[in-house]
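Next come two complexes, and both contain subunit A; in the first it sits with subunit B, in the second with subunit C.
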Partner chain A sequence: MATLTTQEVYPRLGPLRSADGFLSWLHTTDHKRIGILYLVFSGFFFFIGGMEALVMRLQLAVPDNHLVTAEVYDQLMTMHGLTMIFFVVMPVLIGFANYFVPLQIGYRDMAFPRLNAMSVWLFLFSGLFMYFGVFEGSLPDVGWFGYAPLTEHPFDQTASATFWAAGLILSGAGSIATALNLIVTILAHRCPGMTFRKMPMFVWMVLVNQFLIIWAMPFLTGAAVMVLFDRFFGTHFFIGPKANAILYQHLFWSLGHPEVYILILPGFGMMSEIVPVFSRKPLFGYTFVAMSGVAIGFISFIVWAHHMFTVGMGVVPDAFFAATTAIIAIPTGVKILNWLATMWGGRIHWTTSMKYAAAFIPLFVIGGISGVMFSYVPIDWQTHDTYFVVAHFHYVMFGGSMFLILAGLYYWFPKMTGRMLDERLGNLNFWLIFIGFNVTFFPMHFLPTMPRRVYTYTVGSGWGLMNMISTIGSMILFAGFLVLAWNIYVSLRNGKVAGPNPWNAFTLEWATPSPPPAYNFAAIPEVRSRRPLWDEQHPEAPDWIHEDNVTIPAGVAPSTVAPPIQRVGPHKFKPSQQLMLFFISSEFIFFCTLMVMYTVYSQYFTSTKQLNIGLTGIFSLCLWGSSITMIVAERFLKKDNRRMFVTWLVITIILGAIFLGGQGHEYYDLWSHGYGLSTGGSMGAKVFGTVFFVLTGFHGFHVAVGLVLLIILLFMSKNWSAKKDLPVTVISYYWHFVDWIWLLIFSLAYLRPLVTGH
Partner chain B sequence: MSTEERIGSSSVATLPAEEEAEHQDVLEPEAGGAAHGAGHDIHLPPESLWPIALAFAITICAFGLVTNYLVSIPGLLLFVVALRGWTQELLRAWH
Partner chain C sequence: MPSREPLPVRRLRSVQSPGHRVLVALAVAAGMVALAIISAHVAHAAGSGSTSTTPIGSDPSAPPWSVLDPKSDETRPVLTLFIIVGVESLIVFLLVCAALFINITRFSHKPGQDAEPKQLYGNRRLEILWTIIPAVILLIGFIATVVVMVEIAEPADAASALTIDVTGHQWWWEFHIPSAHVTTANALQIPDNRLVRFDITSADVVHDFWSPELFVQVNATPNITTTLYTDHPSLGIYPGGCYQFCGPGHAWMQFRIEVDTPSQFAAWVKHEAKPIEDTHLSNLALEGEGVFLDHSCGACHTINGLPSAHGTFAPNLTHVGSRWGIAGGVLAMSIPNLERWVTNPDQWKEGAKMPAFGFLTPSQLHDLATFLYEAK
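Right, the complex of A and B next:
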């Protein structure tokens, strides 16, 4: 095996200082620079979100305080939540993933560098977009979950809820784009030898996390779209006699709860990198850590309604969600035990990074245990929307995610900049944040009757003391972050030069110079175990001996009997095919959201007799037929028969256009009979118009996009041949998807009434 | 803006032929430095202004919602231009 570790030392900041200056950051496609952009932008938003928190703490320090008005307080608490969740923790973790996943899997960049660049800019712009509300009268003030009907026009006369909904859709699009990118990068581009059993744990957790993002985000997109339709087109989703605000809550928390794990899983991965390195041991129970992460991913999709126990869903749903919520604590607990067992008996190096990692365990356990308490429905009824909940989720999000982010920052800063962060300042910074955090949030456990999201309280409530302690704690916390900022500043200027592997760590990113060159690795590395750098440094006791159960005959050097490097791939699907397939899975969830919405509201329909099943059936056959003609076209392209390919492609386009024309005809017909997006004779007819036009309209829009793509394929047809047919294949996947999702929609909207009678 | 960035000849790397074939992809043809033929330099993705332009275009379209629909029009135009530029870049590199 070629040597992995480099001897090069970069004394200066390398990629941080590009030859062509500041503007080069605008058009960079380097995953490392994009990772740094993510971190810098989220640092900016962290400053804003932190300031909002400080103002809120000052307001709450004493009873009957009027530092800010109730209206301003609502905006502060909404933006604090949104900022910290969507514009700080999520992008910081994505930033670390951007920087370190390609390095850890031994690759030169992300699978789609331009898409990656677009994601980071979309993240920045969506954050700025949401804050732009301040110039339009009001920042979003509806809580981070924007419960309907608070977001509807009668309750929100400014544009603030529009900023909220559109901003979330934008940032969601960026997150999904980068999640797809990371998934394909990890699946398609691991270096030789890095099978799933040998992947660094950070890569594992990032992978699981990206699936949560692509499958959970569309729920929120769907809900936000409905809110926007209500606001702009007067539809009747969440306002009016047949409004269903509970549906909104279900949709929101279908994102909201996986989101909680989205915010912690990559952190679990960082923990699983940092603890072994500073305990000088391999990770205990690798398989358990990986599989418990997968289990958390799955279970996180079936716990959402524990946010809604007070809605009164009934005994059975309550019991179900109570059980799943208690169960998800098990795989999480497994991980805690694994990290403790990793530390057990290890030679622990108490660096700042390790201190943060170690402090994470008790803090996260406190937050986790109060979380399990809420799974008991009666406890939840008592403590819902109180400061006990605020204490809980800050222990999870700050004591959990933020401590791991800080551990990761101290761990990876040397790799990113070539400079060590100062350990003495780091120590001070750690203790200030640790003490400040606990002084801020622990007292909130003693306020289980104080309602959250209320801007002040009375003297007689008796909540003054704990609130004052909490505010003092937040000042200590603030000082801690000032020290961190100072540490970053001085270390960038005069920090100790790091060298390639200052922590004597085990994974591939440490085989590169610090900071790594643009191409990462001069030669793509090959690995045999989970700790390739350990193997290199200890040829007498490499990890693959126990990982692969190899018996070494006495007196023989292990390297002579090393098993061959395991191949990764070849992959059945090329990266762009994978990208499209995973994108389609995300789109599928979006359509599921719309179909659930249709099903829920269909109980209010008085009649669906106005739908002409026969005529639409014929148009539908055209659409499904176009899927088959597309396959025929592809077959001809495979045979290099371009003329027949073009012919069948044209037939496909015509069939698709006939379907769209048919839909237009149907819309006109309904409209002339008095059915519109928000109009209709009875309330039932209005609801029908709302849900029917939104469901079929979104499908029609997707068909139109598919048609545009096919027409582009047609105009560029001279570029395609049997060998060069990938764009055709990728776009055909999308076309097949829009064709066959219509089968579900057609069954739901047209065929189901034949059975149910209305 | 699509100047292809190549690194110096001091760090030439080659990939096994089958792996190279696997990396040939349309959406990001040069991603990850799949060398086009043994002995060539590492190819890195070229820098591009289209991603930031596209992100900006989408944001401007959204601004139309909160201000005036007319604001979305330049957003849509930029969207089309950026998407076209992006596609052209991909195609150029792919051939």
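Right, the complex of A and C next:
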């Protein structure tokens, strides 16, 4: 181990003290506490979501039931979905990632602790906000996917769709912030020796997962923004004679599908930690497991329309998505085989964690099988939106994600709290949940003609028996979770003291006390393999011999011929630069959603008449010029010529302001000719107003934000020098993005009509 | 977690032994099950009232909904595909379970076995093999998929089909046969001797049109028309419904399609196209017709034969009395039920857009219901 202390490596961090007391949890930036906050808040939402499910099951237990009205039921089923997805499973996985990624990579915290704190409170707030409508009878009741135009004004009586859309935007912002934080943490702060090939699989899967979040969330943000604009400003994105409801579905499922992989990938990572530890063997086929995770990440972006096979897209698009969906089943299935092979030949310790992990395998395979069945399009045409689908996704979400979460909870609880969860209560809890889960959801496979989201059904349908069995199962599930809650409570008070490594596990988090101190590691660790603690305990057979293909001469102790610690970094981009660059990639996707809408709707209007391409072109040149002047300013700063830096920064700001002024002039011009967000002489003009003002308006907003940032830089110009130019470079990235995305938007809105003729 | 000295371990007296704990847990679970059943039945009994007002599907003679009993050329191939895929899947599942079972039985840690087992890191060849084999299995399924898709999406003699326009509304289905000038709602008859083509759209939000045994599903989307076919259906009555959440009335957008012989179908079409004639109505019904006209029901509902009943916002009520049920299945077709519906639609079908007519006198309601019932 190295001899540098954390304090010496990071001297600017100041004295380290751990605060105590309840209030300290409110302002903590410690990733471990924030992780626990995520778990506690998710537990609260899980209770609410679970109660919603129980009431739904009671209502559906018998035909023609009147326990709740249709409108209450619609709210329950909407909130159950939203809560479980966005306020339980996602935050729990983020909570685990928050807690354990820095520990597993040997770092002291996340890259941006304050951003981390903001994310957790944004998550809590967005959840409470989503539920706020309960006070005025407008809990979201549009289904968690909120298909347009059901969310539009003619079809709703309450503000429920507003809470739905705004809540999703807020929660998406928190998710993206955390995702950026995790990406930069993993890329920039791995300890010496931990190259990508040596990272724990949990870190790998979390890394892939965060890219899914930053690139998929903006689709939903875009769609929700469009719905809000329709509701508040009368735009015509999804309402009106030219509106395309299918476009909403495309946007939604572009998030919706990666979302389900977002909900499972970190769980796969936990599986890859837990199974090796309790089988006492390394993960079988680490490279394939890592690569299959990356493959799932990429492919998940091209399967989305398998949720839309009944839309009537046509045989060719349907077949394309059927193919991609079948393809994504391959890396997913391969992982299962890798885990089975990890257990093979091992000495499996059946702790509660391992039971959940093992039970996950058949349950997830059942869910995967029914999922693959839907990829066979005609089968989807005969089972879409029925309880067969409900069975499928509960098998993958609950039998999959939730079982993995429970496995992870039992595995990591000792590290987080210093106490072991009781194994006997754990066993009881496991069997109740396993049996209850299957009794609840397996019967749903036998209801392939019962529609989803119906609050009741008739005796003549014959669906009563399966529904009753399912409700009974849900009660058993409830009992199981009560036992879990009891276990947590009892173990927190009287559980067996855990010690640093109760499972004899392999990764770096187990090299700290339980729970770890605020600074995590007294000295930055150095690793040579994927299982550093195994190497320590087994110096005669360390992992790096196999991982790096090292030949040990006979009779020689491996430690004497250990290869040098592989270097991680130096990284071309500093953490804050990485943060901005990845943020820009996420914003780029958001602009793409607006540009796609513009492109599709452009067939309904002419814009060559009302748009002044020449004038806007001049203002655009100012904007693009400001990008160049910004580069000049930075060059001067690099030479410590502060005066010229300030001069060129001012020119940049002025050019940006001219652009904004020009845009304002253009807007005024259009408004005076009758064009607006919801106004216009004809339907075509209204559609033009909808897409034009929203697309260019959001861009203008980004420019305005950029100008504010540049002005702040200007006011703080005394602080910058060649050695201290990081904030300048970071903000300049944002400014360049804002400038050059305009090239795409300008081409689309102003130049393309010249080619298409209208 | 603030660190604290662990408290002395205290076992909870009441649940000491494992067996005891299992018993307690089972008792709790059983109690909850009982609670569930009792509360469901209480709620059901409290709400449903007399049997004649329970929804039409509660009649045990109502036609079944089965996706495993296809009755047309469009649905039979899907069952074949499902069986192929089902068998493939079962084999995969059993293999996975077998592997897991062996792992559990052969490779569990036994007391005393504390040495670490042989550390296996991977086997490239095996992994490549078990990537290729699933790919092949999936490819077989994919090819079968495309074959069936093409087969049922666009039948060979599409040009000669009988076209029926279907429009989804919140919360009813409008059927219009252009070639026969027939418009009806929630009830349809089709012949079994020719290809039938459905052109489907929506007047408001996204719905989904499906009768499991006759044809596959397709969404009903506003501003867009989608197409379904059914060919060589077997004779019988088939239920269907809406399969895309569309608001509070989603559960009650049921419809029925009756597959007839060509002569039965021709007779039905001829009858449906005829307007209601006063000469065929009883006196009470004529009074009811007056109530209908006096209260501007025709502003929303069309009844062919009535001078001012041309509304298209609500279901076409010509021949409504011959339909299988009221309002998409909430009530069976009868005079008392018609009265109940008209008095307060929202009570039976939450969110229904029809206003309540409870202010009518009982005799007016009875006359109106008689009129509608006799409009067969």
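Note that the second predicted complex is superposed on the first by the 736 of 758 C-alpha atoms of A that agree within 3 Å, B and C clash if a C-alpha of one lies under 4 Å from a C-alpha of the other, contacts with A are read in each partner's own complex, and residues count from 1 in each chain.
Everything below uses one rule, namely that a contact is a pair of C-beta atoms (placed from the backbone, for glycine too) under 8 Å apart; a residue touches a chain by one contact, two chains touch by 3 or more.
Note that the coordinates shown come from a computational prediction; the quantities given were computed from them, not determined experimentally.
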With both complexes superposed on chain A, which partner does A:Ser576 reach: first (subunit B), second (subunit C), both or neither? first
Touching A:Ile246 in the superposition: subunit B (first), subunit C (second), both, neither? second
Is A:Leu743 touching anything from subunit B or subunit C once the two structures are fitted on A? First, second, both or neither. neither
For A:Pro448, select first, second, both or neither according to whether it touches subunit B, subunit C, the two together, or no partner. second
Who does A:Ala722 touch here: subunit B (first), subunit C (second), both, or neither? neither
Counting only touches as set out at the top, which of subunit B and subunit C does A:His189 meet: first, second, both, neither? first
Is A:Val708 in contact with subunit B, with subunit C, with both, or with neither (first, second, both, neither)? neither
Contact breadth on subunit A, by residue count: subunit C or subunit B: C
Interfacial residue positions of subunit C with respect to subunit A in the complex: 1-3, 6-7, 9-10, 12, 18, 21-22, 25, 28-29, 32-33, 35-37, 39-41, 43-44, 46-48, 54-62, 64-68, 75, 77-78, 81-82, 85-86, 89, 92-93, 96-97, 99-100, 102-104, 107-110, 113, 116-123, 126-127, 130-131, 134-135, 138-139, 141-142, 144-146, 148-150, 152-154, 170, 204-206, 208, 212, 216-219, 221-224, 226-227, 241-251, 329, 350-351
Sort out for me which residues of subunit B touch subunit A in the complex. 1, 5, 7, 11, 13, 15, 18-19, 22-28, 31-33, 42, 44-52, 54-56, 58-59, 62-63, 65-67, 86-87, 89, 91, 94-95
Can you check the complex and tell me which residues of subunit A touch subunit B? 24, 26-30, 102, 107-119, 121-122, 125-126, 129, 132-133, 136, 159, 162-163, 166-167, 169-170, 173-174, 188-189, 192, 228, 232, 517-519, 521-524, 569-571, 574-576, 579, 712, 716, 719, 724, 726-727, 730
